[in-house]
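Shared chain: chain A. Partners: chain B in the first complex, chain C in the second.
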Partner chain A sequence: MNDIISHVIFFALAILAVSSAVLVVTGRNLFHAAMFLGLYLLSIAGYYFLLKADLVGMMQVFVYVGGVVVVLLFGIMLTAQLTNVRLTSALEQRWVTIVSLVSLVGLLVFVAKDTVFKVSQLSPVEDTTSFIGKMFMTDYILPFEVISVLLLAALIGAVIIAREEGGK
Partner chain B sequence: MIPLSYYLILSGVLFAIGMAGVLLRRNAVAVLLSVEIMLNSANLNLVAFSRYIAPEQASGQMFALFVMAIGAAEVAVGLALILMIYRNLQSVNLDQFNIFKW
Partner chain C sequence: MLTSVELVEFAAKNGIPIWALDASIALVLALAVFSLCGLGVIVLVYMERKVSADIQLRLGPTHVGPRGSLQLIADMIKLLSKEDVFPKHADRWLFRLAPALVFIAAFVGLMVIPIGPRLVVQDLSVGLLYVLAIPSIAVAGLIMAGFGSYNKYAMMGGLRAAAQMVSYEVPRALSVIGIVMLAGSAKLSTIVDAQGFWYIFLQPIGFMVFLVSTLAEINRVPFDMPEAESELVHGYSTEYSGMRYAFFLFGEYIALISAAALTVVLFLGGWHGPGPELLGPIWFAIKFFGVVFVIMWVRWTLPRFRIDQVMDLGWKVLLPLALLNILITGIVMSI
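Let's look at the complex of A and B:
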């Protein structure tokens, strides 16, 4: 891809991601915050496509935008206090937050801008879906099985925790 | 090609925004939304490293997929916990989740 075009895409997605993330954090209406979270997740999916990680980008759209955001919307609506007025959320402990954020970002930028990475010139995997599928079934078989058991346990646990006590 | 440090700085900034949400918000669901922002910024980092350092192995993409699975499980369990606490306390304000406080 042309270098200028990819830079333009990068910065457009950066503006989209940062502004939607800020809106998620500062927005007073939680429903809108969840919608902006969806926008943020889509812009991250755009970065995955830019980085030639097609399968991860598709999974981002399916799992996060299609699944997690919907579950979070359920959570927001189920915990909304009777009148919708109470869907707001106040901001507190500003100074601690500002100090920790400035130090964190400062440290990360300081480290990232001077470090020299050994950038590989090899071309990325073309057919990511079949490649990752093969890796899951060969080199990563143990983590794959562990994570499937973990997901099952987490979902059953979530059902049991959220069930009405003494329910039928 | 876009320098790798651009991706690192971007994901650092996004992580900091998510952390601001975790520290500032008092609504438990809003904190969960901010945790999702943090998880995704870390994921972006993994995929960027995979693309630039070892593009022929795609190991960062594998890790990103694992992180997604963990994130989905975390949301399910977190929301179940919030729902149960909401049922008991009639509130999702984290400052009121102090029933264990001595």
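Let's look at the complex of A and C:
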């Protein structure tokens, strides 16, 4: 019974995600494209909730919709020449595009046909937040620390770049 | 609310398909929260008018209804009957969608806030994160309004709104980490249950940082940069009138409701109070109106900051304080 509901939600999200992703690429207006990117990222967050990964879903909304998309919109609004300009997207390298498209689709079909998708029989973890926290602090401490150092370096780099611009 | 096991049993006993039961419960709850919100907004607007009048030695609305209490109804009728105006070069879809997005983002944030024992629409295990993440969708709505209006004041307002909300999200999220550490959970009902002793006393720094960044997050004076009427006409909502403008106002007040309710849940012990558990929602309401009063009091007594002062405060004062709070909490907990 519950399967039907989750199937309906799955396909609704799939339609939403694919159509908004197509609109991101084909849209002529940069601002609209950024908005559709936000919609696409939200529908991906919907998948995480469907899979009972609520912490990951929340982080998707927090980081991508609240952070990345807003920064993108910021950039678009600050580059005044680009706002309200309809960009043309004409196909210039027709043959290269067709060849690479056909080979990519062929490869994906080939891979999808031969792969056996393993489905875990375990029920999903109830309290994902504390579980993820424990895993970070025990089994995956090294990757966690490496990412922390990387982010710290990015943060310091951003401050230095901003300083140089302001000093001139 | 009922647990899912009880629901499944109820559905099986009465022969109702589970999806129909689920959908109807969701609909009823959404309508209930919506009407509660509408009522809350009416009360808060009246309260705002009377509090501001009192602080400024005025009387406030007096003519419409007893002691001016029906003034908002008159205003709503006026807004509803106004012509639906589009600016000439406006991006119609963005212009149309922006008020709805701002309103929805504010509204869905209320879904996880418990107002009494088991009185919550959906008690998520990441409820706290949810309440903090949802306002970032409203930011997109404000930018849409600013960009879609094709007006320089609206554009500036939208940009300021985005800059302010994005930078205050950081100290706001960090200031509640101390609470998550103490309660050992991000589930809002667990946080309330863990407060035998209110967290406002255990986390005074966290409370200060949270309150200030909440004021900035819901764009209230002294942080109402996005609409600063003396410099930006009316910010992102300059070009809006009639029903769409009403939706912006509605969304703003619902954001205020949700912020005050969250403050009560996190720092003031939620529904806890003397007397039987049944009195929980009443205690919650009393604390809620106390917090709302403080927010209004701040609004009508302090002047507006400049935008650079707002940014300085967020990044150079509140963020280090929030980090210090986490450090102190960690040290005290490990002793």
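Quick note on the criterion: the second predicted complex is superposed on the first by the 140 of 168 C-alpha atoms of A that agree within 3 Å, B and C clash if a C-alpha of one lies under 4 Å from a C-alpha of the other, contacts with A are read in each partner's own complex, and residues count from 1 in each chain.
We take it that a contact is a pair of C-beta atoms (placed from the backbone, for glycine too) under 8 Å apart; a residue touches a chain by one contact, two chains touch by 3 or more.
Keep in mind the model is a prediction, meaning the values are calculated, not measured.
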item: Touched partner set for A:Phe31, first chain B, second chain C, both or neither; value: second
item: Partner chain(s) touched by A:Arg94 [first = chain B, second = chain C, both, neither]; value: first
item: Touched partner set for A:Val65, first chain B, second chain C, both or neither; value: second
item: Touched partner set for A:Ser123, first chain B, second chain C, both or neither; value: first
item: Touching partner for A:Leu55 - first (chain B), second (chain C), both, neither; value: both
item: Partner chain(s) touched by A:Phe74 [first = chain B, second = chain C, both, neither]; value: both
item: If touched residues of chain A are counted for chain B and for chain C, the larger one; value: B
item: Partner chain in contact with A:Val159 - chain B first, chain C second, else both or neither; value: first
item: Which superposed partner A:Ile4 touches (first chain B, second chain C, both, neither); value: second
item: Touched partner set for A:Leu104, first chain B, second chain C, both or neither; value: first
item: Intersection of chain A interface sets (partners chain B, chain C); value: 55, 59, 67, 71, 74, 78, 128
item: Residues on chain B engaged by chain A in the complex (per definition of touch); value: 1-2, 4-10, 12-21, 23-30, 32-34, 36-37, 40-41, 43-44, 47-48, 50-56, 58, 61-62, 64-66, 68-77, 79-84, 86-87, 90-92
item: Interface residues, chain C side, partner chain A - complex; value: 17-19, 22, 89, 91, 93-94, 124-126, 129-130, 132-137, 139-140, 143-144, 146-147, 150, 155, 158-159, 162-163, 166, 169, 184-186
item: Chain C partner contacts - residues on chain A that touch it in the complex; value: 1-2, 4-5, 29, 31-32, 35, 38, 42, 54-55, 58-59, 61-62, 65-67, 69-71, 73-74, 77-78, 83-84, 126-130
item: Sites on chain A touched by chain B in the complex; value: 3, 6-7, 10, 14, 17-18, 21-22, 24-25, 30, 33-34, 37, 40-41, 44, 47-48, 51-53, 55-56, 59-60, 63-64, 67-68, 71-72, 74-76, 78-79, 81, 89-94, 96-97, 100-101, 104-105, 108-109, 112-113, 115, 117-120, 122-125, 128, 131-132, 135-136, 140, 143, 147, 150-151, 154-155, 157-159, 161-162, 164
